[in-house]
Amino acid sequence: MKYLAISVTAVLTALFSGPAFADDETIAVFTKNQTNPYFQAVRVGTETAAKALGVKVIQYVPTKPDSIPEQLSQVEDVIVKKPNAIVFIPVDYKALVPAVEKINAAGIPVTNITDRSAGGNFVAFVGADDYSIGLSVARRLLKAIGGKGNVIILEGVKGSLTSTNRVRGFNDAMKENPDVKLLASQPANFQRLNALQVMENLMQSFPSIDGVLAANDPMAVGAIEALEGANRKALVIGINGSKEAVELIKSGKLLASGDFNGFIQGCIGTEIAVRNLHKQPTPKEVMLKPIVIDKTNFTPYEMPVEQRACPTLEQIVSN
Amino acid sequence: MTVVPLFELRGISKEFPGVKALDDVSFEIRAGEVHMLVGENGAGKSTLMKILCGAYRADRGSFFNNGEPVTIHDSTAARKFGIAVIFQDFTLVPYLDIAQNIFLGREFSSRLPGFIDRRRIHAEAKRVLDMIGFDIDPRMPVHGLGVAQQQMVEIAKALSQDARILVMDEPTAALSDRETELLFAMIARLKKNGVAIIYISHRLSEVFALGDRITVLRDGSNIASLLPAETTPDQLVTLMVGRPVDTTYTRPSRPTPGAVVLDVKNLSGPSGFSDINLTVRAGEIVGLSGLVGSGRTEVARAIFGADRVTAGEIRLFGEPIGGSTEISALRGMALIPENRKTQGLALARSVGDNIVLAGLRKLFPSGFFFPGRAMKAARAIIEKLRIATPTLRRPVATLSGGNQQKVVVGKWLNADARFYIFDEPTRGIDVGAKAEIFRLLDGLVHNGAAILMISSEQIEIVHICDRAYVMRSGRIVGELAHHELTEANIVRLGIHQ
Amino acid sequence: MNTAARTAVRSRFTLSRDVMQAFYRLLGVVLLCAILATLSDVFLTTNNILNVLRQSALLFLMASGLTLVILTAGLDLSIGANVALSACLAASVIKITGSPLLGMATGIGCGAVIGLANGILVTALRIPSFIATYGMMWMLTGVTYYYMAGETIHGFPPEFRQLGSGYLLGVPMPVYVMVLFLLIGGLFAQRTVWGQQIYAIGANPVTARLSGVPVERRLVLVYAVSGAMAGLASLIILARINSAQGDIGEDLTLPAIAAVLVGGTSLFGGSGTVAGTLIGALILTLVLNAMNLLQINSSWQPLVTGVIVLLAVWIDTRARRIGE
Amino acid sequence: MSTRGFSLAALPVARVPGVAIVLVVLCAGFGVTSPGFATPANIANILTQSTILLLLALPMTVIIMTEGLDLSIGAVLTFASIVLAVTVIATGSPTLAFLAALGVGLCFGLGNGVLIAVFDIPPFITTLGTLGIAQGLSLLVTDGQSVVGIPRSIEQIYSGTAAGIPFPIIIAALAYFITHALLYHTRFGTYVFALGGNREALRVAGISVRGMLIRVYVFGGLMAGFAALLMTARLNSAHPTAGIGMEFDAIAAVAVGGTSFERGNGWLLGTLLGVIAVGVLRNGLNLLAVPSSVQVACIGALVIVALFIDGMRAER
């Protein structure tokens, strides 16, 4: 009987033994989903930085994409584990405030990246300004169509902070160009297939479209596919600076993409978390400069994120 | 002498869209009598009983309780007059226990408002079960009970409502002989206590053995009300059917049996039979008799490949088969199952679809299905078996029992079946249509087919079969050659002394 | 009343049940089109009609396989996840080998294997299809996430992309695929022995088995076909959006089920047609198209879809009752 | 082992519960491999996290026992949560807001029940339709935004404790016992078994099948309203995607718990175990830092394994 118990325990141990926590410092990283390449870039950024800084990161991603209750549960589970620090992208910037408060209550230092949480105490916020990226990349397109013509906006998931701010940037750029007419502004949920179908439908209503402002790269690509399928021409911009977008810029199909650099946000977020652990001074806020990637400057972005090195905090802040 | 009847229905009429189910029917029941209600399927027996228990409302007609005019517009009212019905399809809930089933809809309230008093329900149930001499724990869930036990629960349920009038719809259809005896004994006891019993039956033997009075319905009308002593079975059947019918089917002469078609050796299976040996030859009808629950149906299913076997061998035309209904069907075996509605037919599908189902592979060897050819094949079967249906597209559910049974047989004719297993082929079939089914069986063997027939009615086995096997507790306990084939011999073998 | 005359009347009604159902549904489409045409002048243009047809192709391909499953009184909740995994595997095969044919074989093959696994769970392990395919959905999603690791695979050869975005004689390629599989699906269901057996299984599996129908094998076939159709649909998506990502099939399962139900196939099995499913897919696509054309707030979309599903099925129930 | 207090009818005799085996194996496995797992704090954590799902899974058990289904329950929870949040912000009265949430649940439950019982539309389709309606209303009311600014008093409902036990666990335990009492000790429960097992029996007993069906779905709607209170308190906000897909989680928990989709064969305790098993699995995998993609696959495997074990038992 005793032997049986021992062997059962052994089997179970073998079955359940995952990567065990080492003694070194661990940082728990929260991202929104496993499907959007942006968050993959963030995760690679945190891992690259962690390797350089000699700490360990553990990734927590909701099994259901963008699930609020699940991210909240994961936060609660992680508090049980007590990691040394947390790098946090809330699935929803308002709904996850209770989660942040729980982390605060547990005394775990937390760094907020990408989406600024509406509440809670953070070591720092690292992000890029969705509004100004939207504004500058839209300006780039409006200039390219000569300050006049017909434009369509493809919005992201309704109500998401990212979409709201980027679209606000688009609209403000439009205001600067009174001769540009906004034909339609429709959500396509940040998804390629949605964007493709919305664009196909809108093309039925509008025989002449000069430009498409998409709130992320997959939607921009969907719009390009739709235009190509109908043999029509329009300039398209996206946001995120993804690998695919860079290739399309190189081949001239995409005019430009706003650089919303997940990799660097991951790097810097982790670096700040580690510095804070080591009682080194950290900035309260790091905002990446809005950079528009286009035909003139895409070359550095061609390197896959896995091979890139993290910039240091000083490089970013001094920039 | 005028006796005030316990309950009386007068001039009841009921119409369903397009069908006049009852037309000016009157019916009375006296305390302490067993009143037989007979008639063919569709004669209106069930409708009349549903009106009596308040499930349907009559379009016209009046009710009298002890001579006082009353109304019954729902089941609560009927219950108030002590009317309880035991339907053929039991109204039991499988995952409630016996006690909860007995008191369904009449649960005792506990002191806590809204709650039921389970303890009292169990105690009361025990009392009722004791009363009918049924020794079982009322906490047993019903889904584990056998058919006879479920029927006992139904009776207990009726009696717990202080029933003065008990309606039983073919209560012995699923009972073995011994269980039937127990039921009859209970009926006698109830009679003595002054309970009136309305008993619906297709079995003439029961009608005469049990009945104090007989009422015959045909096409929704009263045909006759008679006393068993003053009538004969033949007269009764003539009244039911509306034309003279020969109830004793006389078997035409048969060819001498040919080669062995089915050869079963030492067959055992987990569904409750072991060491079965039997053979069936071309051109003969072999009976498989025994009590309900003796393993007959299980053996039939195993031979057909529907159930697993653990040991033994089945040979059809000399080739070993087993374990697959598909291969059995392809090799020419056919099963006409006991329950045609749930196992023999796809009720919602059309007559045509049902007829071609088993023969699809034979009719369309290429795998492509041609509706025209299928219709033609189905029409041929309909003509051959004289199935009464206006069109092929009609859902088979709308056909009468006898015609449905013919559809089940018909589907195997297209499959070129040469060995048939009939499991209770006459269950729920009108007296008039039974002879037709037997004629069908005879026709099949005349064309060289072989038949294994299961029946609970020994008289059928005796009249139809060339020889018979008798089963008891999952084993074959004897084989009766034609000259030994009598009811007495079957009973002697089938019931352990 | 004469019995024969009475039954003749009744049989004429039962005969017209299917006809009536199809009639109501077509009437619905026509009515919908008429309303939409008055609301938007571009709605009835050839271009837009072709556009709607092209968009409905994807939904139809998924829903057509699912129709067979639902005909057997089963359900396949894993088709969306199946599309995602099949698309991702097919995409990497195309990227690695450069051969669209190999990629297409991978996509359809992967879909079919997943369907086969569903079939085995439902038949051999006797797990109810609803739960088996729900569990399968999670497992497939997990494998897809693991395999893709948050990345995107994009940029396929132009000859492959023809499948999704190409035209032949002015008609988009997916429309041809849709019509092809409408014919194949319709013929399979109505004009083959297997199809007839599938209807019989849906109507009463016990009867089917006792009539010599190999129920288990047909069920496995049905799930495998449903899986293969999901694999095919994944190819159309790949060719249309020129990329594969882990979330590709996320929102496709419930619309596909809705298309089958709006198309008049009964969840209880045994009744329904592949052609009806096409009408269902068209209705759902038309609504989305119209909402884009009229620039209606997209928040209305689930609400409108929900109401349409309820309406369509309610009309069916009414029609059936009138028929009986 | 004592079976006192359990009715035989409550335990599906044919199947020894696979969910119990799965739960024991999971707990033993995680207990051995993850030091943080078997701590009181973590156990409280798992149970608290499971409460909302339990509140949905309990009525789902009842509904599935009637051979029905409620796909709208997650979306109704979401919409009720939004109405609750909007009401409490507008009026400042948590009581009023809670009543409003219950009202939403009641309306949708009533709607489902009437469509199913009176209009004869199959439950799957009815609730698929009302799922769309509830989801659409949520989006329309909020325009996709979170509703924030809820008074702390609501949040207390989730984060507060009484005698060291978190409120949600108390609420869930209460809900469990109420449902248990309803199912096994009231007429309603008896008739639920009959709705799934033999509707004709109810008709013959003079009980309105329609009325009972409507009540069953109203129960589902009301429980969704209760769950909305917990969800709103948990998130301290309401969000139009918060409850998406929870109906399938609930159905899976019910199935894992051994309730069958046929003949009214249900087991409420199994549902509780099923919900906890899912919670334990997610928590344990998080503690072991198993990659999310593997977690996703594990959930699928749990569902299939539990039903497979049940299926094997049933075959004997």
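Order of writing sets the labels: A, B, C and D. Residues in every chain begin at 1.
By definition in this document, a contact is a pair of C-beta atoms (placed from the backbone, for glycine too) under 8 Å apart; a residue touches a chain by one contact, two chains touch by 3 or more.
Worth saying up front: this structure is predicted, and the values here are computed from it rather than measured.
Chain centre most remote from that of subunit D: B (centre = mean of CA atoms).
A straight line joining the Cα centres of subunit B and subunit C is 43 Å long. Rounded to whole angstrom units, the spacing between the C-alpha centres of subunit A and subunit C is 34.
Inter-chain spacing, taken between the CA centroids of subunit A and subunit B, is 70 Å.
Shared contact sites, meaning residues of subunit A that touch two or more other chains, fall at 34, 63, 158.
Among the residues of subunit B, none is in touch with two or more other chains. For subunit D, the set of residues touching two or more other chains reads 139, 143-144, 291-293, 295-296, 299. Contact between chains, using the touch rule, shows up for A-C, A-D, B-C, B-D, C-D.
The part of subunit D that touches subunit C in the complex is made up of residues 115, 119-122, 124-126, 128-133, 135-137, 139-140, 143-144, 248, 251-252, 255, 261, 291-304, 307-308, 311, 314-315. If you check the complex, the residues on subunit B that touch subunit D are 53-55, 74-76, 79, 85, 87, 89-97, 100-101, 104-107, 110, 114-116, 118, 139-141, 143-144. Listed in rising order, the residues of subunit C touching subunit D in the complex are 77, 121, 125-128, 130-132, 134-146, 149, 254, 257-258, 261, 266-268, 297, 299-307, 309-310, 313-314, 317. Listing the residues of subunit D that touch subunit A in their complex gives 25, 28-30, 32-34, 36, 39, 41-42, 45, 48-49, 52, 139, 142-146, 148, 155, 159, 231, 234-237, 239-246, 282-293, 295-296, 299. Taken together, the subunit C residues at the contact with subunit A in this complex read 40, 42-43, 45, 47-48, 51, 54-55, 138, 141-142, 145, 148-152, 154-155, 165, 172, 237, 240-243, 245-248, 250, 288-289, 292-293, 295, 298-299.
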